[in-house]
Amino acid sequence: MNVTLITGRTIKQGMVIEHKDSTMYTDANAICEFDPDDMKKLKVSEGDTVEVSSEAGAVFVRAVKSLQSPHKNIIFIPMGPWANQITSPKTDSVGMPSFKGIPASVKLAKDKKVLTYPELLKQSFGK
Amino acid sequence: MKEIILKVISQPTVGLEAENIAPKVFACKSSMEIAGLPIYEGNRERRLGDFFDVSGEAGEAEAETRIVIEGDVRLTKRIGQGMRAGEIHIKGSAGMHLGSKMRGGKVTVEGDCEAFCFQEMRGGVVHIKGNAGNYLGSATRGNWRGMRGGTITVDGNAGSEIATFMKGGKIHVKGDCASFAGVHMNKGFIVIDGRAERRIGAEMIGGTIVANEVEAMLAGFKPVETVKAPEIESEKFTGNYKKYSGDHADSRAKGTVWVKIQ
Amino acid sequence: MELEIKNGVVFDPLNKVDGEKKDILIRDGRIVEKLKGKHDVIDASGKLVMPGGVEIHSHFAGGKETAGRMLRPEDGARTVYPKRNGLRSGSGYSMPSSFTAGYLYAQMGYTMCNTPAMPPLFARHTHEELGDVPIVDKSAYPTFDGNWFVMRYLKEGDPDKLAACVAWFLRATKGLVIKIVNPGGTENWGWGKNAVGIDDPVIGFDVTPAQIVKGLAEVNERLKLPHSIHLHPNNLGKPGNIETTVETLELCREVKSANARQTVYLTHAQFHSFGGDSWKNFESKADELAKYINRCDHVVCDTGNVTLDETTTMTSDGPMEYFLHNLTHLKWVNKDVELETAPGITPFIYSRKNPVHSVQWAIGLELALLIDDPFKVLLATDHPNGGPFTRYPRIIAWLMSEPYRRYYMEERVHKGAQKGSSLATLDREYTFSDIAVVTRAGQAKALGLSELKGHLGVGAHGDVAIYDIDPAQVDPSKDFKAVEKGFAKTAYTIKDGEIIVKDGLIRATPQGRTYWANPVVDHELDREMLKDVEQYFKKYYSVNLANYPVQKEYLKRGREIQIDARDVK
Amino acid sequence: MEIHTDVICPFCGTLCDDIEVHVENGRVMEALNACKLGNAKFMSMNKKNRHIVPMVRGEDGFTETTIEDAVERVARMLVDAKKPLLYGWATTECEAQSVGIELAEEVGGVIDSCASVCHGPSVLAIQDVGFPSVTLGEVKNRADLDIYWGSNPMHAHPRHMSRYSRYPRGYFRERGQQDRTVIVIDVRRTDTAGIADKFLQVSPGDDYELVNAFRTLLNGGDIPDEVAGIAKKDIASALELMKTCQFGMLFFGVGLTMSPGKHRNIDNAISLVVDLNKYTKFNLIPMRGHYNVTGFSEVLTWQSGFPFGVDYTRGYPQYNPGETTSVELLSRGEVDAVFVVGSDPAANFPKKAVEHLAKIPSAVIEPHETPTTYLCDLNIPSAIAGIEVEGTAYRMDNVPIRMRKIMDAPAGLYSDREILEMILLKVREIKNGA
């Protein structure tokens, strides 16, 4: 399904900023908020792994029902290493990457694992 | 006119700042002297000869000097900054701030040019045979006085926010143009032969833009009339054009955008 | 550390030294009669020796000053100062960055600079920034024009609490002077309105600008502050404002001075000396203001010269900046400060081709030439409003040379200046002694700091400027270019006995002092007043009272001027 | 038990200064008045296993090292680099930022803050059209209309509305909430939208079109029946609220700065606010994220003339966001060393920029483990500013406040400022020796 990706801050994520070494960090950030109707359409249930991809790449995150809906065809991923696998480095020469309004697509990837950030960074940057 | 040839030896990844590559600086200098000119690799002062083979002969004056660059100088910034006369011919792609604040002379780029080229240009003739980056012929940060004179022709496409705060001169893009062409434009003339992304002429209060096709017009543009084969800024255009006035988001708006009817 | 400055031609008006060859001796940072032992010697033969310059009104540091820099990267890019010889780098043509400002002032021979409009809530910022202005001594003037406590006590008719409250604000902000900008107008600007006349009501507070000015002028004297109130009246920059200006000054005529000095300091008088009722019939009323000031003893002003540059206007007069923005349509910053004041900023281009700007240029000079006593009319551009302070040497040259002014009148500025002002008829030329008055002695005296600053008598700070101008050789009337060049960079600037500048180059960058006034009122009164303050803070400020006062840490080299005002009960 | 009152919360740009923190035996027991975010930060002080010792990456992963060794390594890295990037600065005090700026100048590097990926576009817009603004107390005392556009304070600035806008009673707003109207404009019906009087759901990426429509209507022009997914009548009625209020406020967030149009969204929104001043009093404030990102731009501006993205490679400050800002410099490969202080670019930058960061020499000063400490070659843990270290921070409306120290840092930890001073000293030593 083709969607528009928005990334941003959430209160949950803000509460774990000092705990990036814990699983709470993954739980708060490696998620994708969906409009409930979109979830139905995609046959995705709360907690399922989904693959979100954009021009920049792809990432596996957990599906979560949005409490700030409706926002048909818009998905939301909290700012963080997972979101930034697929945000655009294009800044239009103003310094600011495109963190919001990015064309993306989602599909169900039930059997895939959501990585922790060390796993994710290792996979992406080999370090 | 005499010619100095700079052949690229290497381009360091951190880039070079080379405002010394300019006809005015080269004039009356031997190729040896030119090779000894300072050029900046990050925080290190280096010699031009460290990165370019210098040959040929410079003219007696700026106007008598032509610089030919052989190779890709995408990572070399500020070439021809402030030039008033003479010629620069780049047989590859050019880096940021090429010809910024240029007042005269001629610049040709065989390849592309990066963002922020020909900012606040006041005169001279520019031909970019490839694509141009964002902020072509725009104002520098904070300035409300952008390009004031001269002409820039781009054979390929141009990036976003070309000609910001334009106050004069002409930019002709033969390909497509990304968003915000002529944003805050005040005077001057932009011609886009291809398709302009949305927000063309945004917040313009004066000047004229002609586009073959636009993605969308802002609500602040009011259709005025349809004209067959109009003459715009003393240039003849074929076909039917729709004329808009705007951007009426600003109460002082006196800008004009012409869009060809397909 | 001892220093002898030999054989210089000394101009020290406060000690009545007028161009005599004289040695200046400095020990432990102070001017002394005799040196004790081995010391350095500067041979100042054929050079002009003056006390260190004192800047009484310059927006060189503070919250809106930084907002002005942030607003104008194009002004930053216009002039850059590379890091070299151990100096910090910087940028800015009309609004130089902090380190650079300190260097530039010192290079011109200035050793004290005062930033004249500090919103109390931003005092911490001002002091942080002042800490990054090297070399010069400094102070800041907190603004009281729209202060809710002040207006409340004025309305309630409680002059004692008003005095205690002003004293508290000076202490809390580590400020030196009561500054008033467009009294009442800045509060009305909270609703997009202004106060243009001295009797206009202040919305929601039931007081008038006249009450604010008079009330604060009286408080100022009751607290025995070194300086008088420092006033930017209503109606700045509007045709015909001369009337408001004179009315405002008249409010302070009967106020009794506690320190045998003026009771009102009118700043940037140029902007307040306009005649006509539109830009079309705009004309100078410098003569009218000069006549008034010549007649009375309670006013000292500074010129607020326009230097015909592209600059950045910034003032706590928010409505005025909005007005200016509507004239030019250039970018505009507004920054209303809760319960206090309302600064604004917009770039401005003074054009030589513009008749109004040319008349403004003339007014600044007229004032200096028409006011008889130079102690009553000091030199300042209201930096950067009339032009950057780096133009002072040129203004000095204009004042000293009628031919230089005539050249500008005839060749450089719009002819309107001849019609709209009397400048063409004025042949007065300032002497070096006059220049010493309007750039240092007068400032120090008006500020009430003339024990330490602005002169070269025994006990004064060892602050000396030595210029490469030989009064025996240079006729300022003819050699105005030499005068302009000579005042641009000193041969030596000496601060507290240390050589800071030599041949125009900075050699040392010590931290200057920050002066602030601490009038101590009756303890009981103070406590009563603080109860009101606490209540207001909780209800209306957005910071807690406990987090409001500027901690002493922010003054890298603070100098408290404690004043016994316990008779305020 | 020690009770600390009037404590400043070092979390978001709201910079609440009324927190009461109870500390017992070096543990934070309570942080009264703090929101969830602030509370989590104060409580995180009780976390175990905090790193005290610098860690350096070797062939077999990280090993411990001394502070002296770590300082020397950072100094050498910076001196050796032709164009080092010094990035972060939003979560430390101004006094440390000031040393950081001096260090960047000394090594001829580029210094940039999180602003470049947050409200940097707002700064660019301000530099084009200006900034009509007020302090937050003005909002509390006067505002009868508050607009939150592209910002979700319920999540990012939880006490913003209760302290300054929606709820408080003010001098001219004695009835508090009843005297005020709130409009929310966002792409989603956010939790903030839930408590608004009016919500406009703008289609993603079309904010510029919506501002343009507002301004066009305001100037007497006409607009299509629907713009940016919103019906003309809804646009018109929101505009009517703006024109007829007594004191209006626009709070805008990264919803505008990060969407297509970026700084131009803000540029046009500022112009809308300027235009509205013909009708009434109207101002705006950016919802700055980190608690001292504003302070960094203040300090850098008064020292260099420019607020972020300052390139000192030529010995003087040069400023051109889009060229001198971190994401470009990294994704174009133009920097050859990275030094991070008080930020987490490995988490916050797009992958392409992080790729280069992972390749070049890098170091970070940071109290906690983060993706950036994971990727950098050298980590120096530090004391936590605003809790273990006092110093200045600037609120989102540029009001400076002194943060309080309420407890000692674990023995062996230095403050950011102290570490930076050591590095600066070492850099000068190396340069003088060379």
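By letter and in written order, the chains are A, B, C and D; residue numbering begins at 1 in each of them.
Here is the rule we use: a contact is a pair of C-beta atoms (placed from the backbone, for glycine too) under 8 Å apart; a residue touches a chain by one contact, two chains touch by 3 or more.
For clarity, every value in this text was computed on a predicted model and none was experimentally measured.
Counting C-beta pairs in contact across C-D and across A-B gives the higher total for C-D. The central chain of the assembly on a C-alpha centroid basis is D. Remark: chain A and chain C have CA centroids separated by 56 Å (rounded to whole angstrom). One inter-chain figure worth recording: chain C and chain D are separated by 35 Å, centre to centre, where each centre is the mean of the chain's CA atoms. With each centre defined as the average position of its C-alpha atoms, the distance from chain A to chain B rounds to 39 Å. Distance between chain B and chain C, defined via averaged C-alpha coordinates, is recorded as 45 Å.
Shown for chain D are the residues in touch with two or more other chains, namely 124, 127-128, 260, 312, 314-315, 319, 321-323.
Multi-chain contact residues of chain B, defined as those touching 2 or more other chains: 115-116, 134-135, 140-142, 144, 161. Residues of chain C in contact with two or more other chains: 71-73, 75, 77, 331. Touching chain D in their complex are the following residues of chain C: 61, 63, 65-67, 69-73, 75-77, 80-84, 88-92, 95-99, 121-122, 124-125, 128-129, 132, 148, 190-192, 204, 322, 325, 331-339, 346, 539-544, 546-547, 551, 553. The residues of chain D lying in touch with chain A in their complex are 11-12, 36-37, 40-41, 44, 47, 116-117, 120-121, 124, 152, 154-156, 158, 187-191, 193, 201, 204-205, 254-255, 257-260, 262-263, 289, 309, 321-323, 325-328, 331, 344, 346-355, 358, 368-371, 374-375.
Residues 4, 6-11, 14-21, 56-57, 66-71, 74, 76, 79-81, 84-89, 91-101, 117-118, 121, 124-127 of chain A touch chain D in their complex. Per the touch definition, chain A reaches chain B in the complex via residues 92-93. Chain D contributes residues 81-83, 107-109, 124, 127-128, 208-209, 211-213, 215-216, 219, 221-224, 227, 260-261, 264, 267-268, 271, 275, 312-315, 319-323, 333-336 to its touches with chain B in the complex.
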